[in-house]
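Structures given as structure tokens follow.
Both complexes shown next keep subunit A, but they swap its partner, so subunit B is in the first and subunit C is in the second.
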Partner chain A sequence: MVNKVMSNKWFIILYLFPAFFLVAVLIFIPLLLTGYYGLMDWDGIGEMEFIGLENYINVVQDPRFWESAAHSFLLALFSTLSLAIYLAIAMILASKIKGADLLRKIYLIPMLLSSVAIAQLWIKVYNPSNGMLNTVLHWFGVENPPLWLADPNIVLYSIFIPILWQYAGFYILIYFAALKNIPDTIVEAAKIDGASPLQVALQIKLPLIMGVVKVTIVLAIVGSLKYFDLIYVMTGGGPNGASEVMASYMYKLAFSNNDFGYGSSVGFMLLLITLLVTIIVRKFTASKEEIQY
Partner chain B sequence: MKKFKWLSAFLILLLGSLLLFACSEDGEGDEEVGSSEDDEVIEFMHLWPEGSSAQHYRIVNEIIEDFEEEHPNKTVDLQVYSNEQYKDQITVLSSANELPDVGMTWAAGYMEPFVSGNMFAELDDMLDEGLRDEFVAGTLEAFELDGVSYGLPLELNTTYVFYNKNIFDEHGLEKPDTYEDLQEIISVLNENNVEPISLGNRDRWTGSMWYMYFADRIGGSDVLTEAINGERSFEDPALVEAAEKVQEMVTNDSFNSGFNGMANEEASSMFMNDQAAMYMIATWDLPNFTTNEDIPQEFRDSVDYFKFPTVEGSGDTNSFVGGPGVGLFVSENSEVKDAALEFSSFFIQEWGERSVTEAGVIPGTIVDGESLDLPDMYVEVLEDLENATNLTLYADVQMSAGVADRHLELIQALFGLEITAEEFAEEHENALSEE
Partner chain C sequence: MGRLGYFFLYLCLGVVGVFQVFPIVWLFLFSLKDNREIFAGSPFALPEEIRWENYLRVWEGGIGLYFFNSVWITGVAIFLTVLFASMAVFVITRMKWKLSGLVLGLFMIGLMIPIHSSLIPLFNMFLNINLIDNPWSIVITYTAYNLPITMMILLGFYYTIPREIEEAAIIDGASLHRLFFKIVLPISAPVMSTTVIINMIYNWNEFVFVNTFISSDQYRTLTVGIQNFVGQYMTDWGAIGATLVISVLPILIAFLFFSNKIVDGISSSAVKG
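Here is the complex of A and B:
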């Protein structure tokens, strides 16, 4: 009876419809609308005027856009590289050391904080005269400690640190769960065969969780490319555009400059770039065979 | 099987009707408001929530009560948002052509798209009925476009340099009359390891005020406004010199370190915690220096202000940088436009005295400070306003949104010594001519 119901295509449609409806209305239609608004000269308030591809042509030629894109890609690079550190931490945690449970929870705390709270916290840490970081540097005799958020040469890296810190717990949790799934027997067998802990980690455990690692790489890259919140709160893209990323540039154009048409076209470009990068990364990390324990 | 068909038909019907219901609810609600003929409902939206602006919120409610008492068949329907939410909300509502009957707007550049989109009603007829004389000279103009008024200013702010008397006394300093005096003060403070001026230039308009004052003192009160309007080049020697003066201040360590990465709130708290001797801000912060009970009495007693000094002998200290904050607009497409105009006029007349005595607002309408029970600093500021020879509207408010953003970025670069004064002027000229 149940199978008969489930094979009735009307029922399949009925059950899929609510989710499909919501996804379409909330995601795909606005997405297409954004692309469409990108074809307009529109201040967000008055009449729209159709101007064809002018906005998109301008985006491609806009040095500010490519500069912010470069910052986004730099963030993506750093996020991907930092995955190696998270993986190492997860491996240590999963190797049944004392207090692993407590440490795992500590690492997860940043994820429980809201981005705005993290931003406020790090603004205090980075305060040039009485922030925690520069006070410590003073103790060590540093005369002119860096102006973390004011110096255009280092502001980008100053912001990367809290961003990476914020997501550390998330990736460690994922790796930890994946590592816990590896049957002990495999590790035991390797040890009996005389493998060193490093060999166990790199040649046994890593290949076995490669599928998860690939997923986290995609997550890290996509998440970085569309990253917005900490940067918006901490510097607003400043000083003078030194920490602007694609999403904050889009927001600025649409909401501060009242140029919704151009902002929309930047948003749509952001989507295209993210999509393209995702496809490329998926291609490079496509697994040929499924892992079976 | 048949049973399931019935069930599915029923479910689809249920789902459909739910959707229809959800969609139609809003529409019906609106009609109810508009269709009642005898009683008129005026929708009013403002940006002073009870939590963060308790006094403002209360005054508005009192005025509404009085209005409803005088006009029994008119009710005011109130919606309140906080500042940023308000901006988003008004943008969204205007694109759906559903602005409230009366609401709040900022001056000049901000309201331009609304006016060109025909969203705001012209207010000149109403002003000519006598209301025009109630306003401080120059405030209404900020809400004019092409000579037509679209907004009724509620607040008026001028910018001063506030200073900490205790720190000044400690080092035997007196408030400066000239820029050279100010330089002297700064070097004395630096020698004694006191931060001279706190500045939060992440917000950028804070630095812009310093630049504007230099431009005003060096080139006279019209030079910047004329450059923004395109009647004069931004590469005018006076404007370049103003930029050079800013960089001179930076190289002399006049500001706290890392100011380009600090928000205005941080700079303000530095000043209020005696960590810096001076702080430039507009009069909206006056309550913090006079009546605000949350700030220690000791600090409030130690604050005084001076007008921006003359620079190399030139400049008029009675010329101010400042401008009106928010003003009231009436929606052009309002269904109860006459009632909305009546309400906004009533509101303006009631607002002035109440706002200054109860909320510490310097209102856009003329108020006699002497006759009211006000802190000395308020009386002085109101007096300064009477004697003001000029009020230059904040540069970023005067400019259109795109140019304003470029200006603010350049301000940050100028203060960060990333560009020279000449480049600063040249980039402005480019941005203004691209428009």
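Here is the complex of A and C:
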């Protein structure tokens, strides 16, 4: 009787429907439509006109698109490299430090703020005349600090610092949890065998949490390819496209230039690139054997 | 490790701590100062005179309305997301049917997609059904986009519910609705509260949907509202500071009380891969 009740079809359909309907209509159908709209010449208001693959051919040849893609990938590279710093901090934190629990919570605070608030705050930090950064640099005798957000050569680095700041606590938290799962006996045995703290960290602990490290690499890369809010608010992609990323380029094309057809094709490229990179990175980091302990 | 070694480690951790917290402390400080003091004094000095009037000024200048919009939109979307996600996860993990694995897989694909790729069609869809510039477009969008992550957090708990609980309830003659609402939902309260708080952070901080779908000032939420304000107060740093503090304060207060829940939620939402 229980089995019969628990396979009641009408109940299954009824309870699944709201979630399924919302996700299908608001996530999956729009994703497919993006690819379809990319085949249109369309200003967002008037009639759509089918133009075949013209938009996609243009995207592939559009230097501004590839420039923005390059910026996205550069941010992905920075984010991946910074994982090493987060891992080092988590290793220190997990090595019997008093107050580790409180510290990892303190580190997490920036992660709770909206990207808009973070962007506005860091615009102030970088302010040329009254910002916190230049005031401190001035004390150290730096007379001509760069224009952090207005110099095309350094704007991407300036934008990366708040990103580092925002996500540090998040990754440290994940690594910390993974490190705390390593049984003490393994670490103790290595120490008795005469391993130095650095050897314990690199040769014992790191291999044991490699699975988590791989997950964070995927998160960092894929997350970077989707960056939008912070950059949109801080620089709007400027100066002169120097901090444009794929999502901000798409947004600008559609909602500033009213070129919805072309914007859609860029949006679809963003989707394809993100999915492709996810698959490649996963393949690349997939481990054949699971580490047992 | 020697005392010197430990001193060095604590120093490292302390420097990271200062880096993480200082910009926020600086924000609080200048939100209570006037321009003269901000520009002439040290950025790290306490305010000579605490200027609460910065807060009063921006609150009356319209931030109050944005705050109210953020509260109700965040609240309604959390309610819908957690209810629908719980229903779906219950059906997927507890009911016996063939396609449950496939349906779960579909929901989990929703975790990977970049939201910006769906923005133009969503905008067009809402335009066609007259939901553009209507706060309900935001509510249902938040609900849809937070469903996969919410389900992901709920899954682990639902798999561990003992079969005996369901069997006992059904043999006692309880309907499935009763089983779900009177037994399963109440015992899932701890994990549900984790999803509530994670949804709260996501919804409160969301920017791009509101920025795209809402054009009237009266429906704007805080994230978009502060953008306007900053433009309006351009050089009045005290007012901008107060605006930013008001926008981040509810989340920071929630963190003060529920930091363990937030840590739980963020760690379990991360391992999605």
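The working rule: the second predicted complex is superposed on the first by the 270 of 293 C-alpha atoms of A that agree within 3 Å, B and C clash if a C-alpha of one lies under 4 Å from a C-alpha of the other, contacts with A are read in each partner's own complex, and residues count from 1 in each chain.
Operating definition for what follows: a residue touches a chain if its C-beta (ideal position, glycine included) is under 8 Å from a C-beta of that chain, and two chains touch if they have at least 3 such contacts.
Fair warning: this is a prediction, and the values are worked out from it, not measured in the lab.
With subunit A as the common reference, the superposed partners subunit B and subunit C clash. Judged by the touch definition given at the top, the superposed model places A:Pro18 against both subunit B and subunit C.
In the superposition on chain A, A:Gly236 contacts subunit B only, with no contact to subunit C.
After overlaying the two complexes on the shared chain, residue contacts for A:Val142 are found with neither subunit B nor subunit C.
By the touch criterion stated above, A:Leu202 is placed in contact with neither subunit B nor subunit C. By the document's definition of touching, of the two partners only subunit C reaches A:Leu173; subunit B does not.
When subunit A is checked against subunit B and against subunit C, the one touching more of its residues turns out to be C.
Of the two partner chains placed around the shared chain by superposition, subunit B and subunit C are both touched by A:Val5. Judged by the touch definition given at the top, the superposed model places A:Leu108 against subunit C, while subunit B stays out of reach. Contacts of A:Leu81 after superposition: neither subunit B nor subunit C is touched.
Judged by the touch definition given at the top, the superposed model places A:Leu53 against neither subunit B nor subunit C.
The clash between subunit B and subunit C in the superposition falls on 79-87, which is one of the stretches 61-69, 79-87, 331-339 or 367-375.
Comparing the two interfaces of subunit A, the one with subunit B and the one with subunit C have residues 5, 8, 11, 18, 44, 129-130, 255 in common. Considering their complex, residues 1, 5, 9-10, 12-13, 16-17, 19-24, 26-27, 30, 38-39, 42-43, 80, 83-85, 87-88, 90-92, 94-97, 103, 106-107, 110, 112-125, 140-141, 143-145, 147-148, 151, 166-167, 170-171, 176-177, 180, 201, 204-208, 212, 222-224, 226-227, 230, 237, 240-241, 244, 247-248, 251-252, 255, 259, 262-263, 266-267, 270-271, 273 of subunit C touch subunit A. Within the complex, the subunit A residues that touch subunit C are 1-3, 5-9, 11-12, 15-16, 18-20, 22-23, 25-31, 33-34, 37, 44, 89, 92-93, 95, 97, 103-117, 120-122, 124-125, 129-130, 132, 135-136, 165, 168-170, 173-174, 177, 197, 212, 215-216, 218-219, 222, 225-226, 228-229, 232-233, 247, 250-251, 254-255, 260, 263-264, 267-268, 270-271, 274-275, 278, 282.
Subunit B makes touch with subunit A in their complex at residues 1, 4, 8, 11-12, 15, 88, 91, 94-95, 113-114, 116-119, 195, 201-202, 204, 256-263, 266, 275, 401-402, 405, 409-410, 412-413, 416, 418. Remark: subunit A residues 4-5, 8, 10-11, 14, 18, 43-47, 123, 126-130, 147-152, 155, 235-236, 238-241, 252, 255-259 touch subunit B in the complex.
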